[in-house]
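Paired with subunit B in one complex and with subunit C in the other, subunit A is shared by the two complexes that follow.
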Partner chain A sequence: MTSALVTAAVRTPHIDVAGLSPLIALAVGGMLALLVGIFLGRSARNVTPLISLLAIAASIGLSIWQFGEGKSVVADALAIDDLTLTLNFVLCATGIAAILLSWRSRAASVAGHPEYYALMMLSLLGMLVLVGSQNLVTLFIGFELLSIPLYVLCAAEFRKEGSLESGLKYLIVGSVGSATLLYGLALIYGATGSTDFAGIDRALAGGINGDVLLLSGIGLTLVGLAFKASVAPFHQWTPDVYEGAPTPVTAFMAVATKVAAFGVLLRLFDTALVNAQLDWAPIVAALAAITIVVGNVGALSQVSLKRMLAYSGVAQAGYLLCGLVVGTQLGVKATVFYLAVYCAMNVAAFAVVIARERASEYGDELPAFAGLGRSNPLMAWPMTIALLGLAGIPATAGFIGKFYLIDALVDGGYAWLGIVLVVGSMISLGYYLRVIAAMWMGERSGDVTPVRTAAPAPAGGSAGTPPVMAGGSQEADAELARSSKLEPEVVGVAWIATAVVLFFGIIPSPLFELAGKAGSVFTGIF
Partner chain B sequence: MSTTTWAWLVLAFPLAGTILIGLGHKRLARGPAGAIGTLAILLAFASAVASLISLQGQDEHHRQLTSSLWDYAVSGSIDARLAILVDPLSVFMMLVVTGVSTLIHLYSISYMKSDRGNARYFAYLNFFVFSMLVLVLAANFLLLIVGWAFVGAASYLLISFWYRRDTATKAGIKAFVINVVGDVGLVLGTFFILRYSGTLDFLGTFEAVRAGAFDAHEGALVAGCLLLLVGAFAKSAQLPFHTWLPDAMEGPTPVSSLIHAATMVTAGVYLISRMFPLFEAAPAAANVGAIVGCATLLVAGTIALTQTDIKRVIAYSTMSQIGYMIMGVSAGAYAAGLFHLMTHAFFKALLFMAAGSIIGAMAGAQSLDKMSGFKRAMPFTFGCFVVGGLALSGVPPFSGFFSKDEILAMVGAREGWFTVLYVVGYIGAFLTGIYTWRMIFRAFFNRPCPEAVELEHGHIAHAEYPTNPANGEREDTEVGFPGPEHVIADREQPMKIAMGLLAIGATILGVLQIPFVTHVITDFLEPTFADSKYVHLHASDGMIWFGMILGTVVALAGIAIAYHIWVRKPGTAAALQARFGWLHRFLVNKWYFDELIDFLIVRPWAAAGTFFRTWFEPRVVDGLFIGGATGIVRAGSAVVRTLQSGFLRYYAALLLLGGGAVVLYFLIASS
Partner chain C sequence: MTLSILIWLPLVVAVFGAILGAKVAPKLAVLGSLAALGIAISFVVRFESGQDTLQFVTNESWISELGISYKLGVDGLNVVLLLLTTFLFALATIFANLREWDRPGLFYFHLGLAQTAVLGAFCAQDLILFVAFFDLMLIPFYFLTGIWGCGDREQRVRGTQKLVIYTLVGSLLMLVAAVATGVLASQQHDTDLTFALSALQELPLSEGSQQWIFLCFAAAFLVKMPAFPLHGWLPDGYKAMPLPALAVFSGVLSKVAAYGFLRIVLPVFPDASVHFQELLLLIALASILYGSAMAFSAQNVRLVVAYSSVAQMGFITLGIFALNEDGAQGALLQMVNHGLVTVPLFFIVALLASRAGGSEELKDMGGIAFRAPVLATLFLIVSLATLAMPGSANFAGEFLILLGVFDAKPAFAFFAALGVALAAVYMLRAFIRSMHNRVNPSADSREITFRDLGVLVPSVVVIVALALYPQFGLSKSEATTKAAVAQVQAKTGQLTAETSSQASEEHTP
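What follows is the complex of A and B.
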């Protein structure tokens, strides 16, 4: 008898360390960054980002190692499958971009480098947990692990009022969102008696028969997650928080949070709640349509680029919802594809915004970008291509992604939503092109009156003389010199992201294949 | 290296030439640009020869090779690849295109040497060759469309090359618009075919047709083929899409020679040959092709009789000759049609080059009314013109004789109503003899004109100031005009070499396909056309003999009549003109095709445009749509901004409101 007790005590749960290793790498990276800060003091400035980069790189490497294994770990609470790992590639890539963009930011030094990067790593870890979760409890843990560090990061530049306000707003509204989500999760558990996605699916196999408890649960869960994904009408925090937060944090939030939120939306709705698809699809479609319209219309009159990109992010969330609505594997693939290219496009755009913010007296406002094409083509091109990509112009990955989403919509019988998507893209040209026009056709604005020259060059021709540079005064030259001092890591991030946008716009097949693998993990849908 | 690698190289050289000259145009102007351009095409020609040798080394049944560089989008029903198809047909086209292009580039070095846009010219010309090669090497509809459109763009750029001339830019626009109509036809046709074949790949499409993919949808196939024909007609200047070609003569003469005679305009012939399994499965469309080709050859032949601009005469002659080719390949005479394509490329390029030389001697003037008696002043040009003229009018043993007769013999062998086409073909041959030699007799015989006299004394005539030959306007000499110097072939080595080689080709290429003796082209193209149902179509021996004799008689009769009218009794032409004034007017005005198109298409659209601009746009579009839509968007924007007050309490309220709405929906849906 005693021996039986002893064996029982020794029997530990099986822990699949290999499967968990991408998460462990991030967690250890975060801890190390904090600990190193204690010992190093001021030199942590450069060491902690390096440690973070290494940890993320390790996580990517371990993800590649685990790719294709399709495991369920921690008593089936976490799925380390191709979808999780594909999204982890995307998340880690945006994480690397965010860390590089933060390298010389004021936010990181005000908040303290070790803490700043550790929080970013933990948030990343939360996102990874969230996209892999297949249990309501894991889902909520991931959700909070992703949110709480972000609340702090938004307020990282705490000597600036805007940053503080942004953090506080995000905290309060975010808490309302979390509460809603938690309530929804509890109701789903109550209705199905299971917190496990597979268990919920089994409970719903016989149809839902108008179960009020369950439907309310689904509704509240949808609202909670929609909040994180900035889906209208739960998007209102987005522009304020994006504007106030330090720009590298904004960039990180804009891309990574969206990946995580859509990852979990896909997994929850396409596995656990797939039997209720007929019930939730119409409302998701309605949300998508509202989001597309609100985001695009809201972006039209923005002067701050960060606010514009926030609204544009809202609109893009609407596009992404389209892939969820249809509840097909094609929809999942299209969403994953678009998530990846969305990240690349936004990272490129935010990198340019950061560069301008550090160089121009106008901050992130439109005048800071006027005439950029002439004064600083190295920054104007990534912005141009990123915005064209967001608008969905052919030869950019954004076009292929939208095409893929529309394909999924038509295939899934939601052609009308495809039309909304196209109309939304049309409206979006209104604000994307405004920035592009300002960059390439606008005069450099400043305190100097620009010298107007005969603008149109002689019609075509090899012998035509190049037009005289506008604003060729000393002051303008001085400003030009100032703004041409570029941080190599910011330029690098902008150009690599741009290259990704162009590469997958011309040769989309590798990303297609990756998205295809990710989309095939849900065996319950077709 | 494998066959396909050579073929990729054929594409790579002109592209490299374009990029190199385009990027370095400031440094490379004048000498180097021309040399680089010519070298690039020469290398492409060498690679084409290499791929020919390599292809002939393959087993007869394995001479259709495809090679894909990368997959653009391959999913489900779309298989868009950057792939080329190397088979005898594409190698044949490659050889013709690169071979003739090399010589024309060489000619251009002299011809364009004083033009300030020299480097731009060679960059465009190399781009054209690249586009044309994409067109003929494409292994799927997508790449074909790309090549097709590129070629149209190159043609536009080169027609409007002297962009300070109003006439040139207008001609360029006209050519582009009509070509785009053709592009649309091609694209729509591709959709019709893709719908049921399920693949963009040529070989896959043919396989699907053979497997019966269109058995239940014959209408779609016929519609698809007719739309492809629209593309072919527009590119090949067939009725009623032909009006751009004569105007395209505004481009520099070597351009007319390369693009608007030897290569681009034959793209339609290539398209029909390439798509032969489709056209054979849709005989109705093929018949339309044959009839239109036949009509074009007759109409163009009659118009050429009365034109006075030397380049336009040759342009109409080109239309007419392409009519023969289109008629031939539509009737199933693929090898014959393509053989004529090749010989025509030689003698027509030669004629254009010779015409360029005369135009040089005339200080830019192009009117036959002003030319006469250049025989002694320019013996070399005269010789080339005669060789080209004999080949064009189909006098044995020149190359045009064999190729044209073969087409007509094959058309005749189809019997039934094809006999009508056969007869019209010989009438066309008769007209060809007259108009070709009218041009030669008027330009080279009779009393020398002042320019010819001056040239006999060793000076090339120069106009007092440069004028636009089309309308006599004084030329803006800054940029975009041919340049102050004039060149003639008799004094320029590169021009002489190019024309000499072409003259040799125009003379002897007939030996490739002498009836009863040789059939090199047919044998070579056999792997491509092996599955054709007309592969055993042969004219009877008696018919071939009859055709050859008839062709000779008709051509010589035409030449004799021309000699009588324009040399023996120079007043005859004027007398005829007075006697048949209405006919002359009808022909001089080109059967009033431009006016007809103007009346049927341009005016109604212009009227509609005016209506839309003056009434519809300000009221409906601006007022209702734009006003309404922007109003809605603006109002929406205002609403969104109002809601975005910055106060947390509103945000939380809206969040709860929205959440409430979502839950409410679920509750209502559940009950």
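What follows is the complex of A and C.
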């Protein structure tokens, strides 16, 4: 009787709960944060971040447990392999940093603590799904799950004009990106008759023979993902959105979104479309070169640190593309390595920006950092090392990361792109050093005094930043009064990230090993 | 005692100094630099001359995935340079101690970091390790110039910007070139990826790849020296740098570049070195003549010394690209000589400026010797050494260089010899206008103090000692320089043999 029932039942895919457990931890964490928050009232402020942190820690723990298993779950729609799990470590590290940085932020209290953290967890879940996706449908689900919470988070500080504008802008541009992506995915499906990455690969085994349908599909997919990864010329939203969004959200978005987008780019292009490599590689190489130049040149004239880091993020996306271009395992490893390093460097930089933003009347603008080396070396050092790392100076992990990318490029026959990469690094020093010079060689300028009586208007043309509106809520006001002293969690995040940057700059082998494992999941390439 | 201790000691001391604070940092830095000097002396004593192999080798795998090793070693090329570096840094640190610096912990931290980077670059026997240390050298000098530099904020910013941009253009191109060297060598010879210099010498690249890689390396080294067309950062950069930092920058960092040619470029890219020999000789010649002319016309004592460095570095480049043993030996000797005269010269600039109301312009000086005969005497000794007075070690160095060039390209040697004469002109001009001439009313001359003598006398003693016994360095380096130029000489020998055989073939029928 039972056996008859089983055979008669619709063939359901076997669900490997153990393999899915890192995802489940994040999903449960998000929902718990939301539910618990409803019943807690004011103490949600501390409890919900704690729940989220625990859930992320659980996800990391489960990832370590599953590491090396190399599973393909849910009817091969999702790969829980070393690449996914390695990138999950990076994502979770970013998540922890973002939650710690959000803890005393105005954004979380304005938006409501439970909702804020729940959204962050769900977005994280979406990113994890995206990097693991092995199927066009999973890819799109992950993509949307990543994006929609971020639209809301960008507008979390909804009493601030800039935040709302940022959220709306991101929603519109993001939707265009999503639509483009979806159209591209549909065309790929149309051309190959499969939504499965392995199926697409099989369909393309005999080369693509100038199949227009497929080529336009690949093109549109690339454009859709390029929007998310802020690759030029699809990057225009980045500075505006980054600037307007609450800074902890910006930090989260700048790092985690990029990790997710590159994770899926690697998997899509190096497994499903690997046979079409000769067709897409020149285009990706051109995009990489354009992105490096546009990002670095755009950053030169920025006064707001968040905008500068946004443009620098665009440039970094260009560097990351270099690892994709070559279509080799070495390239994948270099990209994964650089993603991890990029995460640490940006988290350190954003932590300092957040600390300054809370303490200085200039917000995130350059004058807020003037004289920081004298007044507050505890914050100046992480920023200095993070920026030197982003520029690729030896003794930081950024140097090793760039080195690895150049190595992959030369090895793959793209030495010219390596030159573009270092030329970009040279330009980038122009703006990184401006901040460092301001911190160590500039004169200190006024911090917000605890009693906020008619603070003088910020000097210089700060047209881009809207004035900070006083008092979103009582809680927020109290927070601002406290803000002139250092917050241990922000200092902690900044220093841990800095330590990571220095550690892997001097002893990179552990990270190499991890990246090596992540890179060797693609057996179809060399 | 391994080389690692020597390299990292200054940094460790500097970190402790930065943590312990303003009171302890200066003293600790002096102790650290003297300890490093002591260790370096121990290496020189234990060094066995007459071998062309590496000694005191440390070889650990650093990044095994990329074939990068943490390989250090000493041979005839760098043993004396290590001594020079630690000696000059010790002098500069003591020199810095005579002044008050804002935030001293940070100041000595950067000085220590600089020393570690320079020593690392000299000891590195792995291409990537060398590049990493070479690039790292820039960072402390950026901070030293930007925070404690001379002049107002705008001048410092301009100085640091030019310094950083020029240097990095070279350095980063060198990074790509270095990666390409390893990767292409492993591809062209189908071996595992390695960046160890000894291995790369065995895996010569094809001539086409050698050429662009050579140009990238040459750009990096010529900027650092600086050599004539790439010296644009020099006036602003040198003017902005604080004098103790400038002394080691000019005394040691420029040597790292020259050393790079001997250590890396000649042995690893022999074909390209022969191919571009005349270009490099031309650059060297232009540097000599241009540097001399500018030093002759500069109104600022510091710039006189700065441009004289350009000329001197031109001589060193000339010797290296004679591509023979005499030239290389002379270049190496001249590196040591120039380092030894530069630090006291910049120190004297500081002393002169303090007597001329803080101005470094020649017009504000004059007649200082009148009340400061000891200072004048020491300045004269250093000047005579700089202008390569016969009997000084500099004379021996320049003589060897010219001898080497004369062997290789006589025409270049002829024009380069003019540079020797010009050196006398600009050094004596600076000496006379500052020390003699009419007593300048704005100058307030006084005798050199005992504390200042503590810095100046050791360097002058070493200059005199080396003048009496120039063999000290030469005998140690002889075997290694021979090996360093052997590759290139084989190529030049080959070329002449081929042409002569072609010629003879043409004649036989």
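The rule is short, and it goes like this: the second predicted complex is superposed on the first by the 477 of 526 C-alpha atoms of A that agree within 3 Å, B and C clash if a C-alpha of one lies under 4 Å from a C-alpha of the other, contacts with A are read in each partner's own complex, and residues count from 1 in each chain.
Convention: a contact is a pair of C-beta atoms (placed from the backbone, for glycine too) under 8 Å apart; a residue touches a chain by one contact, two chains touch by 3 or more.
Just so you know, these numbers come straight off a predicted model, no measurement behind them.
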Simultaneous placement of subunit C and subunit B on subunit A, clash or fit: clash
Between subunit B (first) and subunit C (second), which does A:180 come into contact with in this model arrangement: first, second, both, or neither? first
In the superposed arrangement, which partner chain does A:244 touch: subunit B (first), subunit C (second), both, or neither? neither
Could you tell me if A:393 is touching subunit B, subunit C, both of them or neither one (first, second, both, neither)? second
Partner chain in contact with A:22 - subunit B first, subunit C second, else both or neither: neither
Counting only touches as set out at the top, which of subunit B and subunit C does A:509 meet: first, second, both, neither? both
Please indicate which partner A:331 is in contact with in the superposed arrangement: first for subunit B, second for subunit C, both, or neither. neither
Just checking: does A:234 make contact with subunit B only, subunit C only, both, or neither of them? Give me first, second, both or neither. first
Now for A:441: first (subunit B), second (subunit C), both, or neither, which partner does it touch? second
See if subunit A has more residues touched by subunit B or by subunit C, and give me that chain. B
Just subunit B (first), just subunit C (second), both, or neither: which does A:169 touch? first
Pick out the shared contact residues on subunit A: the ones touching subunit B in one complex and subunit C in the other. 400, 430, 508-509, 512
Show which residues of subunit A lie in contact with subunit C when the two form their complex. 373-374, 388, 392-395, 399-400, 402-404, 406-407, 410-411, 415, 418-419, 421-423, 425-426, 429-430, 433, 437, 440-441, 508-509, 512-513, 516
Given the complex, residues on subunit A that touch subunit B span 169, 172-173, 176-177, 180, 208, 210-212, 215-216, 218-220, 222-223, 227, 233-234, 236-237, 239-240, 279-280, 282-283, 286-287, 293-294, 297-298, 300-301, 400, 427, 430, 459-463, 506-509, 512
In the complex, subunit C touches subunit A at residues 62-66, 103, 106, 128, 131-133, 135-136, 139, 142-143, 146-147, 153, 156-157, 160-161, 164-165, 168-169, 172-173, 175-176, 179-180, 183-184, 187
For a test of understanding, state which residues of subunit B touch subunit A in their complex under the given definition. 25-26, 29, 70-75, 116-117, 119-120, 163, 478-480, 633, 636-637, 640-641, 643-644, 646, 648, 650-652, 654-659, 662-663, 665-667, 669-671
